[in-house]
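Two complexes follow with subunit A in common, the first pairing it with subunit B and the second with subunit C.
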Partner chain A sequence: MLKSGRHTLAPEQPAAALVSGTPTLQVRDLRAGYGRITGIDGISLTVSAGELVALLGANGAGKSTFLRAVSGMIKPWSGSVHLRGDDVTGQRSDRLVRAGMAHVPEGRRVLPTLTVEENLRLGAFARRGDGDVDADLDGVIARFEPLRERRNQKAGTLSGGEQQMLAIGRALMARPTILLLDEPSLGLSPRLVGEVFALIRDLASEGLTILLVEQNVKQGLGCADRGYLLSTGSVVMTGSAKELLADPAVVGSYLGARGRDA
Partner chain B sequence: MMDAYTEAVVIRLGIAILLALGYWITAATGKFSFGHAAFMSIGAYTASILTVKFDWSLETSMLVSGLTAAVAGAFIGWIALRLTILYLAIITFAFAEIVKILLDSWDYAGGASGLFGMRGTTPQLLAICIGVVIVYLFFLTRSRKGLSYEAIREDEQAARACGLGVTRISVEAFAVSAAITGVAGALSAHETLIITPAQFGAPQSLLIILFVVLGGVQYFWGAIVGAVVLTMLPIWFDFLEEYYQITYGLLFVALMILRPQGIVGSGTERRFTMRALARLSPKRGKADGDG
Partner chain C sequence: MLIQQLVNGLLLGTTFALIALSFNLVVGALDRLNFALGETAMVSAICGALFMSQLDITFVLAFLAALAIGAVVAGITFLLSFRFVSAEYHTAPILSSLGVGLVITSLVTRVVGSDQRRVPSVLEGVRIEIGPLRIVGDQLIILSVAALMTVLLYGFLNRTPWGTAIRGVSDDPDMAGLLGVPVQRVILLTFVISGTLAGASGLLTGLSFHTVSPFTGFETTLTALMVIVLGGLGNITGGVVAALMIGVIETLTVAYLSATYRDLIVFLLVGITLVARPQGLFTRNTGVVGRV
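Now for the complex of A and B:
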């Protein structure tokens, strides 16, 4: 079912309703911004358990503002955020991480002076008194090939792609019920973008619920189940990834000659 | 036994070390206070009132003054640490001035002319305090909490994304820092034997900051080095007479250029190499490029 109403305030998607039970993440009519500048103007979005949903749009469309408002980095002006049915609107990020929402921020933000292992351990910080941190640490390190030999190396010495993997690994250490990824392809070479997206696809196939925010529409839709297209702070189109990729309007405005190369 | 002069120097050195270690705890979270002398003042007055007016022992008074300073620190931290670093600087600075003004007009504690009647302190008591703080810091820096301090100092946003309760952790560090500074103030009052509110003004706050900045914030023993150097320099440079202050200033400028990370600590960017010097020359080209 494809809905391409250009006008905003898109209602909840039927596709989500097909999956039974409470959605993992439900955002209703969220508005947020900086000062008087509106960043996002009434975005509604649903991510069901096990889904990989992509939120796509050009620079300045409001993707990062949305993610920051959902993950507690900024306070939303209005609207609501529900995590597995619990209202978590405007809660602090540390509470949200504890509640199961892990966030890989834009630009990776690994801690350069700390070692790879220390970065990963910080990811498990919210899991107070959980004895399995060491086991999870080994698991994450085993999964990310390049990090294995660099366990005691400072994170600042890693390449961009390795830092992205470390940032994702750090978020996994929180044992999240949903993973929010902010522009994982940013500043990476095309080969590394491919590797990072392969990793995201793997995580999704293992059943992890993921909300992916991406500028790279083709890559984003390439691994997502469903997509939301954002423009100037509002959802302009939503549907399954296949439908969106086949839609002439999407191809025209987002996958033009330049978009295809990206 | 030490002679009186050596003992005076040792006690001053010890107080400087205690102040530096106390300040290091908040600096370790990247939160720089510009009014730490206020906590010193609170500690000094609390302990002195207790020993002089109520005849309490110095040990008990010292602990109470640490507690009082911790409460004040938690309060100020809770107000200021949720704001940006600039507000923290302004609020802590203003707080120190307010404490000074209040003490100036508090006749019970001697007002502007000061409080006296304290008996002395001993190097042994000071050594015990420093020992306790060092043991605490030794375990702190190897713990999860120490790691969280470093994360907050390096990148607060990233620390938040990791799920760290940045405000709570910073306020706690600030309160512990204030407590140690309060104890140092208590001991210092029982060394100088007379305290006035003016003693704990901006210059004292600045001196505490310099201990840590000069020594380096990466490791706590950097703060010890900074405190020792800054306390001993005026004594070592005594022979320079009136030129000592300018020498002192020049040394500081040179150090900040060559070792911005402080005496102790590994530089993330610059080291003392010829390349570092070359980079300071005017024709730098794209020196700051792909680092």
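Now for the complex of A and C:
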């Protein structure tokens, strides 16, 4: 359902960044929270161009808080965020979108009273007027074929799986340099979960840089190049996806904790 | 006779519709009421009336000036009473915008005095008669300008990127921000448009009564509140329909019962609506209680 017409992405990676090895996203010692409650306590993380990095951990480990602090939804208390070498710490979300970061938050958050097409077009708000928006709209709809017939339907009337397509498609409309995905499989049927991960693999193979937040360690690491394991606001383990999957501690503590998942 | 009263009621309703649209836009953008909009309408109307009588400019220019003044006043209200007030304090913008309203009224009475101002007739010779029905030039202007502005607003909200952004921010401001929409600028734009509509409503109401007073600001706010509660808070189309209804009801009450019952009947109607359908007559949303 999610997989369909191929539409190749053209991520804009400046040659300089690739050559010098400047990471697409570099986060150093980020601390953030709500009120006085610490959500993340000093997280450092790097995503290089073209990589798919998974950020894993149980409920409440601070995964979403981390993404929110990176993408400007909440102000970090300390630490820094660099996007392609530019310091963007604490910048407003809409500026970050212009700088190349697209964040699909948890729960998809389609704009319910806007039509599917309006949702998609709003995803390209920062580059409105640039003539390629129509072409990209066609491209996204070709990729997510079921959205075609729902084009003029209010987004709030879509099913969970369709809303997830719309949320990801809408983020692609911004032509991001890096895509932050927060639990894209949450609340979907097992079949749709498989399709979402297939889609993520597709996007990654087309060269898009992705930071994927997941509770489902196996699925998350299954498609990632590298992974970070989070527990109570800190990184407790990091390594290549293969290493992490082979580590008995990971399997023990995290796959064991799967029972509590939503 | 009844038909004439119905038409008069609809005409009154169109001015209510503009001020209701004005309130509902802000409710949509921020989930807050701007209680200074009545005074914004008043100051626009007073200035428009003064420009026409003192500077002797045409109605069209005075009207455009009223729109501009409404836009500026609403923009300033946003900066003074909303922009820097923490979202934690839900009631604070109510008080701060009420305060701005009081300041506007005092400024107007201090600068131009507390006299009522006359709004001269426009298109004096024009009059349309269809059977027993009579529509004079002023009414024609009110009807066509109000209709035009409503249509323009709908077109703007539904057909332009900034209009879509306004509706997106109204749905979910954080998400709109994540899509690259500059949320605070969109909210400022919403206030400015809302002020333009308030300014239009003010001068058109003045034109229908041929007089404007610096003390009608809060009364306008009250009427607008009745309309938007009846139509469903934040519901743009519901507000327009409710405005026309209340215009007709008020006019019929004055014509067939007594002018003293005018407000009573409207308040009763709104009271009954709140008890029976707290989300308003035309809305699917969760309702008034959840949104203010």
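Quick note on the criterion: the second predicted complex is superposed on the first by the 234 of 262 C-alpha atoms of A that agree within 3 Å, B and C clash if a C-alpha of one lies under 4 Å from a C-alpha of the other, contacts with A are read in each partner's own complex, and residues count from 1 in each chain.
Please note the rule applied: contacts are C-beta pairs under 8 Å (C-beta built on N, C-alpha and C of every residue); 3 or more make two chains touch, one makes a residue touch a chain.
Since this is a predicted model, take the numbers as computed values, not measurements.
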Superposition on subunit A - do subunit B and subunit C clash or fit: clash
Touch check for A:P190: first (subunit B), second (subunit C), both, or neither? neither
Could you say whether A:R92 touches subunit B, subunit C, both of them, or neither, answering first, second, both or neither? both
A:E118 in the overlay: touching subunit B, subunit C, both, or neither? Say first, second, both or neither. both
Share the list of subunit A residues that count as touching for subunit B in one structure and for subunit C in the other. 71-73, 92-94, 97-98, 102-103, 105, 109, 111-114, 118, 121-123, 125-126, 170-171, 174
So, in the complex, the side of subunit A touching subunit B is made of residues 71-73, 92-94, 96-98, 102-105, 109-114, 118, 121-123, 125-126, 156, 170-171, 174
For the complex, give me every residue of subunit B touching subunit A. 144, 147-148, 150-151, 154-155, 157-166, 268
Which of the residues in subunit A come into contact with subunit C in the complex? 71-73, 92-94, 97-98, 102-103, 105, 109, 111-114, 118, 121-128, 170-171, 174
Can you check the complex and tell me which residues of subunit C touch subunit A? 161, 164-165, 167-168, 170-172, 174-183
